[in-house]
Amino acid sequence: MRPSGRTAGQIRPVTITRQFTCHAEGSVLIEFGNTKVICTATAEEGVPRFLKGQGKGWITAEYGMLPRSTHTRMRREAANGKQSGRTLEISRLIARALRAAVDLNALGENTITVDCDVIQADGGTRTASITGACVALVDALNHLRSKGAIKTNPLKHMIAAVSVGIYKGAPVSDLDYPEDSEAETDMNVVMTDTGKLIEVQGTAEEEPFSFDEMNDMMQLAKASIMELFEAQKTALI
Amino acid sequence: MRPSGRTAGQIRPVTITRQFTCHAEGSVLIEFGNTKVICTATAEEGVPRFLKGQGKGWITAEYGMLPRSTHTRMRREAANGKQSGRTLEISRLIARALRAAVDLNALGENTITVDCDVIQADGGTRTASITGACVALVDALNHLRSKGAIKTNPLKHMIAAVSVGIYKGAPVSDLDYPEDSEAETDMNVVMTDTGKLIEVQGTAEEEPFSFDEMNDMMQLAKASIMELFEAQKTALI
Amino acid sequence: MRPSGRTAGQIRPVTITRQFTCHAEGSVLIEFGNTKVICTATAEEGVPRFLKGQGKGWITAEYGMLPRSTHTRMRREAANGKQSGRTLEISRLIARALRAAVDLNALGENTITVDCDVIQADGGTRTASITGACVALVDALNHLRSKGAIKTNPLKHMIAAVSVGIYKGAPVSDLDYPEDSEAETDMNVVMTDTGKLIEVQGTAEEEPFSFDEMNDMMQLAKASIMELFEAQKTALI
Amino acid sequence: MRPSGRTAGQIRPVTITRQFTCHAEGSVLIEFGNTKVICTATAEEGVPRFLKGQGKGWITAEYGMLPRSTHTRMRREAANGKQSGRTLEISRLIARALRAAVDLNALGENTITVDCDVIQADGGTRTASITGACVALVDALNHLRSKGAIKTNPLKHMIAAVSVGIYKGAPVSDLDYPEDSEAETDMNVVMTDTGKLIEVQGTAEEEPFSFDEMNDMMQLAKASIMELFEAQKTALI
Amino acid sequence: MRPSGRTAGQIRPVTITRQFTCHAEGSVLIEFGNTKVICTATAEEGVPRFLKGQGKGWITAEYGMLPRSTHTRMRREAANGKQSGRTLEISRLIARALRAAVDLNALGENTITVDCDVIQADGGTRTASITGACVALVDALNHLRSKGAIKTNPLKHMIAAVSVGIYKGAPVSDLDYPEDSEAETDMNVVMTDTGKLIEVQGTAEEEPFSFDEMNDMMQLAKASIMELFEAQKTALI
Amino acid sequence: MRPSGRTAGQIRPVTITRQFTCHAEGSVLIEFGNTKVICTATAEEGVPRFLKGQGKGWITAEYGMLPRSTHTRMRREAANGKQSGRTLEISRLIARALRAAVDLNALGENTITVDCDVIQADGGTRTASITGACVALVDALNHLRSKGAIKTNPLKHMIAAVSVGIYKGAPVSDLDYPEDSEAETDMNVVMTDTGKLIEVQGTAEEEPFSFDEMNDMMQLAKASIMELFEAQKTALI
């Protein structure tokens, strides 16, 4: 029934490649099926001005898509002179989710900037970004520890994310582009590996959804995210 | 226990003033306690290029805050040369919610632009905006019908929105600024008057939240939004 | 003869509401008939870099219009990415006029930023802005005195402004939109309550005007502005 | 008493060089003493969208300063990414003044764009610009007539402009930079060669000015502008 | 003597991977050692306005770097709101070089947009971009032919590019980052596979260079580019 | 055979006028035939942040064209809100060339900013700019020496530049606009008066060029530039 032949709760094959590029403190290529995102984590000393002198760190994120990561070419945001609302919204989501995974006091006055650049898009780019970004973040935190910049591990828990939705009347997990573009409802869920919620964003694209449908989607999301934590663990061994 | 002395599920006094300004087809001042937003709905013939010739209408929205609507003055976005990510995110949310309330085919090739401008902020500006915008939208749709531009009422259902959150460990409804700035979790919920969901956006500001906490917040939201529908109805008589 | 039935020198009813919003040190809603402007004055410690260390204060102003304050919706300047020449010109005019009302040395190293946001436009928005801004400025200066930030009152005199013009061949005062859009000449005059001039800006929109016509307009302006000082006084009691 | 040794009503030597550059339909170098401005008038077929199909023409203007036209280098506006409020204000002033000199109906659907670029500044750049721009405009109109694009001369009258002010308590004409930076009041006056007013912009820089002072300045301006019309006539022979 | 141990004329290992991403008509990952660039070619019907109705096609290009493609993170140009001069200069170079490889008349009214995005930088990103872009261009042209949009092959010849320079007094080919940052002179050369020159850009970074040194560099470049044509041929089999 | 009747190696008459404007430390009008550029050099204390504390100076440059310096009016870059790629590329070229002429250590922590503004364009504006800028730079350096800001002359050698190209199959020097717009190849060469190369930028506009053609162009350039050094010397006496 799903165009890909997947079952309702079946996510796409997930591949996580660490050290994908050589300069960043953390560099991950994450693939959710045909969706491919490069996530790099850059660790720098110092914090933005509003945090100076508080002994706390900061985590920020930027999201982008290569112009031809999509079916038809999108205009390059750098050439447009501004980032779209969608881009800024996703950047803010990724950053907020990562900050919720880290004890910023334990990070000290260091800033980690995570860049998530989509090189091929097939739905779910923001959830793949968050899932990959967390692995890149771990590598950057380990880098800081190994060079002595921080004493303890600031990571409170791993985070991962998946999109779920109502497609042709039934809840499904990890929507690809053909599903996403026709789904009645789309919900992005970010969780901790302790089973708690970081972010829930559900949107009725076509039809309002019921509380029961929301619960069904939440259960699907929970199961799928648990699989993503396994993929992260395997990659981090 | 709440700084305002309200009970957990008690929303602030809601006032909806129609025809607040004289030029717009719909013009509403909505007040959620000290939060005050001017919502105007502008009806114009024609649609954006991507919709031309399809016989469908469009609804879009823009959100803004007067520089001194807040405790300390914010820089004017027009002077900054760009809208912040937060502004764009809220504009997109309002527009998406309103589109879900309307049968765009019945709207014909007309565009309604809703402007939500916060003149005084005390938490919950985006939910007040959505709730007031829906009333302004009704007036603009009635204007289109009365001048014969549309035949049937394109409104599928009323929508309204409230913020709920976990404040000092307990779920509360319609957070004001003192609560919002200390809440562990913040969730904005948009519903239809048929009891269904349009948008759910929950964010762990400090601590991840459990599925049970989410359910509690959802129930609070449902009850509060029902009160908002009453306020809308009273205003529209 | 005037569309509104007013006599040549008759200004529209003027209403000045102080403490219109709750956060700003000065907050005024001023109405010149259907023209309505929110004027807030924000007092902040410190001065712009070019004034640092001179012991002098600074006053600046920004003007804006809500998108649907006008008959047809104007594009939002924040979304356009820049303020129009008209907006910048009016902002500069308001700021210059207010600075001429204040002894900047007595203000000490404090900055007052006045925001004039038009919520409903019917001609004369810049003169209403100046007249309302001066009241908001008084409240902000009083705030600074009451908290001990300044010792003496830096206000040298009140200022107020009116537009005059040649409409259908005759000089009239306080043009509303229907008059303004057809006037041959339009002149904005800012005066002190000591009867002196701060700013005179006269423009031939259609036909050049004579020295005699200019004198007639100046006399009308003087009389009208004296009425505005009465309205300010009443509001400030 | 004036730093330059001039009498109160004495303007600086004025030089007007036509055909200063070779590509523009009108190209003038105007010098008011050490103030030097290149004014070019470009005639193009067609009008902006808001005028299409009305059979009327349009005149617009842009003002700029070379970065080192001033005592210390100003940042290049093209590099800043925006024009300052002052630049836009002067551009609007020049355009408005030129439009008041021309019968736009007689211009037909042609647009004339006047560029005034200051290559050396010593006060009075906007009045020199207007005075030179009018000569460049005449050349561009003659170009249109000689190629048959227009039948009659759309010029209604010549215009010219001068700045006057109160310097050390006395009214003076054509302020140079040392005077301008210390003047109590500064007034720019644009007139027609039929002795009427196009634009009056008076500003109290330091001290409010009286109605009498304003009249004195206006009389000085009138006499000086008459001299400028002589300079224009000589150049146009 | 070279940090990498390479001989003066030895280029880095070159890898060209076609169909690197799935949406673009041409998609190539090119590697010059540690320099890695994704080059996609997008074929679209129609041409920019200035070419409409001439029956000719157009080729354009945009260059970008992922923020952490470099040793330290660069600010994202989309977030900065503008592309740097360096970015625009390289984009123009790539586009010009590709246009010189193609008979634009034979391309018909089609546009090919080539995006070169550096995911890892180690010197020579612009020459790697040109060399990879030509392969992506070939795939896009073949796509147009196979779908019947063009009749004949518009490709006049292959192009490839290499950087050469004077490093520690001696000419070397294909500079990597450690060499590039210390080279006295840097020259980028673009050639056709018929042995002719498309572009030569030589710059004295530290010391002026002699005509003899220039000739030496040109000879090195020629030999290296011939190797690149072999790599392209192998990839295109 | 050349439209101007010049021989292949004949450059246009060159005029260099020093002290063209009065404020800048160096101010030159350079004319290559009908191409006229104002070059000003501004000397300021201090250096950009990336150089602070190293005891070295900096030289930067900006290039611009008056809107009607060309056959048809170009849009003003300041009004566009950004500089074109071509403008930035030429600015970078001029700055790089001037830095190669100066010992930045001997300059001390001073910055020289050169502005090259084209007031009339007829081909070769960038080479005229470089040639004139070097003279303005000399004047600014002498200014610094005469006021004691630097001890020794930081100038290592004079620089000058010319464009050469293949026009109707034959190499020619100093292309004017009619030649430039039809040339098969265009090459800009910057040299020192010690006979060495600073910059070589050759581009095949239509047809690839051979190594022999390149050599021919280089020889023409060398001879022409030697004439430019004579013109500089004459101007600097």
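Note that the chains are named A, B, C, D, E and F in the order they appear, and that numbering of residues resets to 1 at the start of each chain.
Throughout what follows, contacts are C-beta pairs under 8 Å (C-beta built on N, C-alpha and C of every residue); 3 or more make two chains touch, one makes a residue touch a chain.
Given the structure is predicted, the values throughout are model-derived calculations rather than measurements.
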Select the interface copy of A-B from among A-E, D-F or C-D: the correct pair shares over half of its contact pairs, counted by residue number.
C-D
Chain centre separation in whole Å, for subunit F relative to subunit E (CA means)
27
For subunit B paired with subunit C, centre-to-centre distance based on mean C-alpha positions, whole Å
33
Taking the mean of the CA coordinates per chain, how far is subunit A from subunit D in Å?
58
At least two other chains touched by the same residue of subunit F: list those residues.
81-82
With touching defined as stated, please give the ring order of all chains, subunit B first and subunit C second.
B, C, D, F, E, A
Give the list of subunit E residues in touch with subunit A in this complex.
21-24, 27, 34, 36, 38, 40, 42, 44, 62, 64, 66-73, 76-83, 87, 113, 115, 117, 119-121
Contacts from subunit E onto subunit F in the complex sit at residues 82, 84-86, 88-89, 91-92, 96, 100, 157, 187, 191-192, 194-204, 208-211, 214, 218, 222
